[in-house]
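The two complexes that follow have chain A in common; it is paired with chain B in the first and with chain C in the second.
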Partner chain A sequence: MALKSAIRNLRNKPDVLFIRLPNILSLLCIVVGVVWLLLLPLNDYSRHTYISENALLPGQVHAYFTGSEQNIFRGYKKELEVLLNEGRENDVSQDEVAVTPAAHNKLHSILQAAGLKVATQKYEYTSAGITHQGENIYGIIHAPRGDATEAIVLVAAWKTADDELNLKGVTLALTLARYFKRWSLWSKDIIFLFTPDSKTGTQAWIDAYHDLQPASVQPLPLKSGALQGALVIEFPFDHNFQSLHIVYDGVNGQLPNLDLFNTAVSIASGQMGMGTNLQEMWEHDDSYQSRLKTILRGMTKQGLGYATGAHSSFMPYHIDAITLQPKGHGWEDEMALGRTIESLCRSLNNLLEHLHQSFFFYLLMQSNRFVSIGTYLPSAMLIAGNFTIMAIALWMRTGFYSDPKTSTLISEPTSEKSSGSKAQCSTEVKIKGNPVAERLLAMPLTLVSGLHLLGLVPLWMFNTLSYQYFTTATYTFVVVDIVLPLLLAALLSNGLGLSAPIVPQQYLLIKSFALLLLGLSLSTLATLNFSLSFMIGLLCAPLSFITRLQGPSAPVRYAVSTLGLLLLNLLSPPIVLLGVCWYTGVSVETVMTQAAFGWDVWGMWTSVVVWCVWWPAWLIGCVLLGSSMF
Partner chain B sequence: MAVDRRKVAVFSAAFILRLVLVCLFPSLPDLLTGRVEVSTPVNSFKRLQEGLFLYTRNVSPYDGGVFHQAPLLLPLFALLPDVKGNPVPTAVFYFLVDLVNAHALATISESGQSVQSRLHSTIRKHIRWDGASVAAWFLFNPFTIATCLARSTSVFTTTGILFAVSNAVSGNSVNAMLALGLASYLSLYPALLFIPLVLLCYDQRAQKLPNTVSFIMQNASILLSSIAGLLGLSYLITGNFWEFMSATYGFHLLVPDLTPNVGLWWYFFIEMFDSFREFFLGVFWLHLASYVGGLTIRLRRQPLFVITSLLGVFAIFKPYPSISDASLYFAFLPLYRHTFPFMRYTFFAISAILYASLLGPAFYHLWIYAGSGNANFFYAITLVWSLGLSILLADSIFAVLRDEWEQDHPEARGSEVKQV
Partner chain C sequence: MITLLRLIQSLSLLLLLIGTVTAEHTSNWAVLVSTSRFWFNYRHLANVLSLYRTVKRLGIPDSQIILMLPDDMACNPRNAFPGTVYSNADRAVDLYGDNIEVDYRGYEVTVENFIRLLTDRLDEDVPRSKRLGSDAGSNVLVYMTGHGGDQFLKFQDAEEIGAWDLAHAFGQMWEKKRYHELLFMIDTCQANTMYTHFYSPNIVATGSSELDQSSYSHHADNDVGVAVIDRWTYYVLEFLETQVTSANSKLNLGDLFDSYDESKIHSQPGVRWDLFPGGESEGRLRTVVDFFGNVQNVEVENANATEPGSLKEDLAEIARLVERWRKRDEEYSAILGNSSQHRRENEPSESVHLGSKMTEGPTRMAEDNSWGKRLVGLSVLGACTAIWVAGSILGRSA
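Moving on to the complex of A and B:
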């Protein structure tokens, strides 16, 4: 009863219905969205991982990679080490971890001697004025029991994701190639891929595997069937290791099927008895804080969308891939890693169809605990929803006040007839036969779509500039971000010199359209890359609540809007970038070079979201606030 | 002359925009051509290329079962230079077709038929847009631009329909029927527009032609003979009458290709047991055709609006709809600018359509490329898309009926509508 009368009262108070209520609802959406995320690490909201795909049977086979294979491993390692050292002595100027042609040829001959079909592929990428080139070498074991329609990939890059020399990883892959070749149980082809580094090599290879390579990348002379999974081996140090660090993030926040991760965890910890880590959480005590920290680290990586290792390039082609990194000081040697990989390959070999049973969207908080999309998606959707709520409220408000000139004060009770629902409101407005009640859409629509198109300019600029100009360009952009809103606001208050002067209703419409587009883009984005949508949503949250100030006295208005603009500028894309760079100690140039590289090579579209979704929305917010000065 | 100058500005801006898009993003046309939202089996430019390849090598274009479009398109496109080597002439040809369409639309708008016809005269004549604005809404609609860049052959059907209507409102019923014949020949469904179009022609010259039946028969015979002529020409081109009939119109009617599109048929017919297929094909077509009678009778006074609404219905319930059908419907809507104040759910309908047009490609990506989604994702979005269009359609019909009612009851203007 009380509720009913409260709703009835609400109808009679349009200022509450259209101004206060949406504000409260929007704020509530944001708060609930954030709290929701914070609840996820709790036991009640997360689940134990489990293997969905029966065929995988992790750890059910005995791994035979021991004993005499270790001698072969040592022999290969010695040979490669000598060749690398020789190369380094001959050419002092060379990078310490660069691969010598002699070592490269050695790989070729070892693989060939082991009975594999071997081929090479040269590639070259240019991004931000830097040229990356190299040569991939790969060998294929044709399955004795298969028909060459399916394959598994084992990757060893000469340089790990952290740019260390991956000598033992490469040697292990070579030893495994020789060892696997002698087994007759493989029903899928096994491809051993050796790339010069973890950033470009796999991308060039996988693009060419699917015949989608750019002109600067050679096509592959030798191919196999559809790739079912990929494992990347890293072992960049000489001592024995303690635990296995599993890296799983792909480009643009795409993740491998959870079954692959689970299989790796189950084999490593169950069969081999070594620990597993994820997201660089070396000290994970399974407390709430550790879980939350793991989730947040995972979200940051997912949100930024860059490739976290050689495995990342496989993900866009729907090939599940992970990187296995040995970490810490312990008693596990390369043979233990080899057995883990053998067991993983046996599991993948069992697969009857592509991994599809388990989750593709998940947040991991511990190697055996996760939340699935159904549980976490509402938090990003609520944050995206807050913008839509505000947009709808603003739209209805512009229809409600028939004469925009009388609605100068936000809190002023309206002189219109205020009985009836929304539908009635809009008809009432029309009763007067007053064309003024019509919404003036042309200018707001043009402005909002124009500013979104303007986002293409920084997008283009930051992806084509040479790397040495990135720092300057970023600082220039900070200045542009301060000047441009004020300039636009000044122009707007004069009606852009073209049309009639702008009326207050149009400011509301501009805000409504901008927020509608923002909510639209973020909710779409949430289905593709939850973390990015969540982060951008939080950074844009203030935009829901800022509006053109119409206070009575000019000095107060000036002061408040200047302060507001200053605060808003702290949340502008370039300032956020500079802040993050300062906090993490990475140079702006590195970040921007990496971003341009991601755009050019990996097809990473984080920068599209930043410049064509976030920046225009932010700019419109600033223009609205800035217009209170004019 | 001021109006003319505006029109020239709109047309040249639209042309330049398209040219800039093609020059700045050379891969955009091919990308759009591959999108299921734009290209369906019956209007895809890729499939046309396949048919053209076979045609120029003297093989029947319908061999191979990929090409399902009207045969007369083949000699037309054979005249244009090869699109692989030189895509610009084809692109410019499509730009010009778009401009021609916009011109026809501007003619319809300038005739004022939407606000005043023989049986109807709205009291809100002052709220309307001129031809240039209506053409601008058409030309700058992202859906129109996407269709144009994707070189979908639906634009020729659009041309046929728009010319049929623009000739009808200028009282030229012979040309209207010829244009409708072309549209029906190209994609079959425009034939359903015959009745409202005849009424539109009839209203335009009612004073001179008192005999309704003979007028309708006369126009029907023009339409039929124009279609027969086009079919005869097609026969000359292909040489095998039944082969092309079954590959084109049979394909339209029996819906054998269930490639996903924005419509409602494909998923339904994937799920269906084969024994029920014929029955439901009949039901679906009957459902689509049934709107003609109802709308024509209820909105007898405004045949132009019947055509508009039918185009909306087609955009939702056609077997192979694409965004080009929606863009044609959106092109006609601004003619009813005077009823916009009565529309109640525009914002929600447009939001739903916007959501669908962003989420559709995203879910299609998750389904087909990322492999992390499935067909239900995309189908759900096509439902939202259709829902948005349906709301818009129902709302515009409500607004027009309300406008008619106010014309009949001037004393009750502005009173509230109550749902009973």
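Moving on to the complex of A and C:
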């Protein structure tokens, strides 16, 4: 009853209902959203990982990759080493990690000698004025008793994700190719793919495998069945390793099925007895801090959506893939890694259908602990929801005059515009308390959609400029971000040069539409890329509470809005970018080149979200605040 | 000849004796069903094949075993040992061997086919190998394994059989006189729930685990890469392999069920006796080979009746016949002995009988009235000719 009467009372207090309550609710949403995320590492909200797919049977087979195979490994390695050194002596100008053509050709002959069908593929990509070209070599083991409708891929790139020479990784893949060829128990074809680097090679290959390659990429002469999984092998150093670092983030924050990750962890730690790391957390003590740090690192990678390794390119095609990176100094040798891969291949070989049982949306906090989408999604949804709540409240407020101050302010323009009798009528109703106002939608709608379309300009610009202009362009954009809102605000207060001057209601409508779009986009995005939605939601959070100042006298308004604009500018996309670059020590040029490369080659959508969702919303917030000066 | 006849006589007496003592079952049938397919369910097929091997070892012929295998593990490309199925990591016995008869395979293993098989609701054109030819004198062993739950057993990830379905199927079997006694064994999770609804008599049921309990696999083969047998089946088989070594074994069901060791099986196996006449005390006395072996009893009805056509009269008649044959045999040997004694003194006695047999033919033939036979033949020929002549004349006039 108390609640009922409270709600009834609320109806008679529109200022509380439409102004104070939404503000409180929005703030509450943001706070709860953030706290929610912080709760996730606790045992009560996270779960132990488990294998859902019965068919995988991780670690149930004995791995025989030992003994004499090591001699073959050493032989292959020696051969490749000699060829690489010869190539470097002949051509001093070459990059230290670049692969010589002779070594690349050697792969061809070794694979062929092992009895694989071998083919090559040339490709070329141009992004931000830089040309990336190379040649992939791959060999296929046809399942001796299988039906060639499915395949698994083993990838070894000459350059690892960190641009080191992956000599042992390539050699291991070659040795495994020869070794696997002699087993008769494969139910799927096994493809061994050797790419020049971890960024472009797999992308070119996988695009061509599905006949979706651009013109600059050759089609594949040899193909197999539907790809069920991919493993990337890295081993860029000569000493023995201690633990296995499993990298699983895909392009656009897509993740491989959790079963694949779990199988790798289960085989590495359970069967092989080596430790596993994730998200570069070398010292993970399973404390709350470590877990949260792991989650946040995972979220950063997911949010930025770039390819973290050669495996990332497989994800858009719904092929589950991970990279296995040996790390640290220990006593595990290449044979142990080989056995891990053998066991993983046997598990994948057991699959009867595509991995589908386990989660595709998860946040890992430890190699054996995760939270699933059902648990973490509300966090980003609440933050996205705060914009929607505010947008709806503003929409209702624009159709409802209760504030005498607002009414008088509005009554003049309306009476000017509409006929006399109607104005009279509306004034009368206003006094009674709950009149319904007519919303002037044309201008706000045009402005909001126009500004969102304006986002295409920086999107196009930053993806077509040559890399050497990126730094200049970013700084230019910082200046544009300062000037543009003021310019727009000035134009707006003069009615954009049109006959009818803007009314305060329209400011509210502009904000309402902007927030509505933001809330809509972010809540949709949260289901696809939780982390990106969460990060942008947080960066945009102040926009819910920024509005055109009206109350205080002019000097106070000027001071407050200038200060507000300055603070808001600190949250503008280019400034955030610069800040992050300064904090991490990466040059702006590298980041922007990477972003352009991601857009051109990987099909990364992060820049679209930044320029067409975040930036327009931010710009409108600034315009509203700036308009209080005019 | 004498020894042969004596044998017949003693056999007939023995039959009479057995007939009066047990008169229980006259044939054995086994229905062995695995309900799951896919490589990772290798163990379920190995379970069934182990049972198949055991019942064959104890004498049930392939024609009386219905084997249902939904998948072919031997030819699965993932099998490191092509063409074989093992139920033990020592890989001593290849269960697939060279003599295996699968009656229902692949997608033929469905709930419908299983129930049709039990209740014999099959089309006429279904071959005998796919039919359960049991009758009111048959002891039937039904073994099922797969993935199950509370009162259901999954068939091939597509459908399931419920506890009531199974109970009604057995109920119909009883009404249609398709079993004499039935031993139902099931190895699946929550297996004991499957036999809770049985209502037809003469059933002993046993399962591997109670409600809300899982049944576990026993061990995995590290080269095959999968679990090869389930725990309960493993220990049942261990009992059958080590204790029931021949079809003459006197071990009874009580011994088998007493061998269950929960600490080894890791679940609580159950036994249901209440449908059996005489309950547990009577049921325990049934020997294991009553269900797993092939006891060749002959069905004998009304063993104590004396009216014409009854067994006693038949046996008396047989005894009289035997007596007559023996007399005649003695007479002949006496005649032959007199005529040829001087000739075959040094030869063994068997040849005497042989010789007597050879001379027996012509003497008998001579006794027949050959002229009478010739007359009959002539008259028949004459009649045929007359009919032919008459027919041809009639045909021409028409």
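Keep this in mind: the second predicted complex is superposed on the first by the 593 of 630 C-alpha atoms of A that agree within 3 Å, B and C clash if a C-alpha of one lies under 4 Å from a C-alpha of the other, contacts with A are read in each partner's own complex, and residues count from 1 in each chain.
Keep this in mind: contacts are C-beta pairs under 8 Å (C-beta built on N, C-alpha and C of every residue); 3 or more make two chains touch, one makes a residue touch a chain.
From a predicted model like this one, the values you see are computed outputs, not experimental measurements.
> Should A:Ser184 be classified as contacting the first partner (chain B), the second (chain C), both, or neither?
Second partner only, chain C.
> If we overlay the two complexes on their shared chain A, which of chain B and chain C does A:Phe73 touch? Say first, second, both or neither.
After superposing on A, A:Phe73 lies clear of both chain B and chain C.
> Check whether chain B or chain C contacts more residues of chain A in the superposed model.
B
> Taking the superposition on A as described, I'd like to know which of chain B and chain C A:Tyr123 touches: first, second, both or neither.
neither
> So, A:Ser521: does it touch chain B (first), chain C (second), both, or neither?
In the superposed model, A:Ser521 contacts chain B only, not chain C.
> State whether A:His354 touches chain B only (first), chain C only (second), both chains, or neither.
After superposing on A, A:His354 lies in contact with chain B but is clear of chain C.
> Once the structures are superposed on A, label A:Tyr248 by its partner contacts, choosing first (chain B), second (chain C), both or neither.
Neither chain B nor chain C is touched by A:Tyr248.
> Of the partners chain B and chain C, which touch A:Trp395 in the superposed model: first, second, both, neither?
Touch partner of A:Trp395: chain B, not chain C.
> Contact residues on chain B for chain A in the complex?
126-127, 341-342, 344, 347-348, 351, 354-355, 358-359, 362-363, 365-366, 369-372, 413-414, 416-417
> For the complex, give me every residue of chain A touching chain B.
254, 316, 318, 354, 356, 360-361, 388, 392, 395, 420, 423-424, 426-427, 430-431, 433, 435, 437-438, 516, 520-521, 523-524, 527-528
> In the complex formed with chain C, which residues of chain A make contact?
Per the stated touch rule, the residues are 54-55, 57, 60-62, 143-146, 183-187, 346, 349-350, 352.
> If you look only at chain C, which of its residues touch chain A in the complex?
38-40, 75-80, 82, 220, 222-223, 225-227
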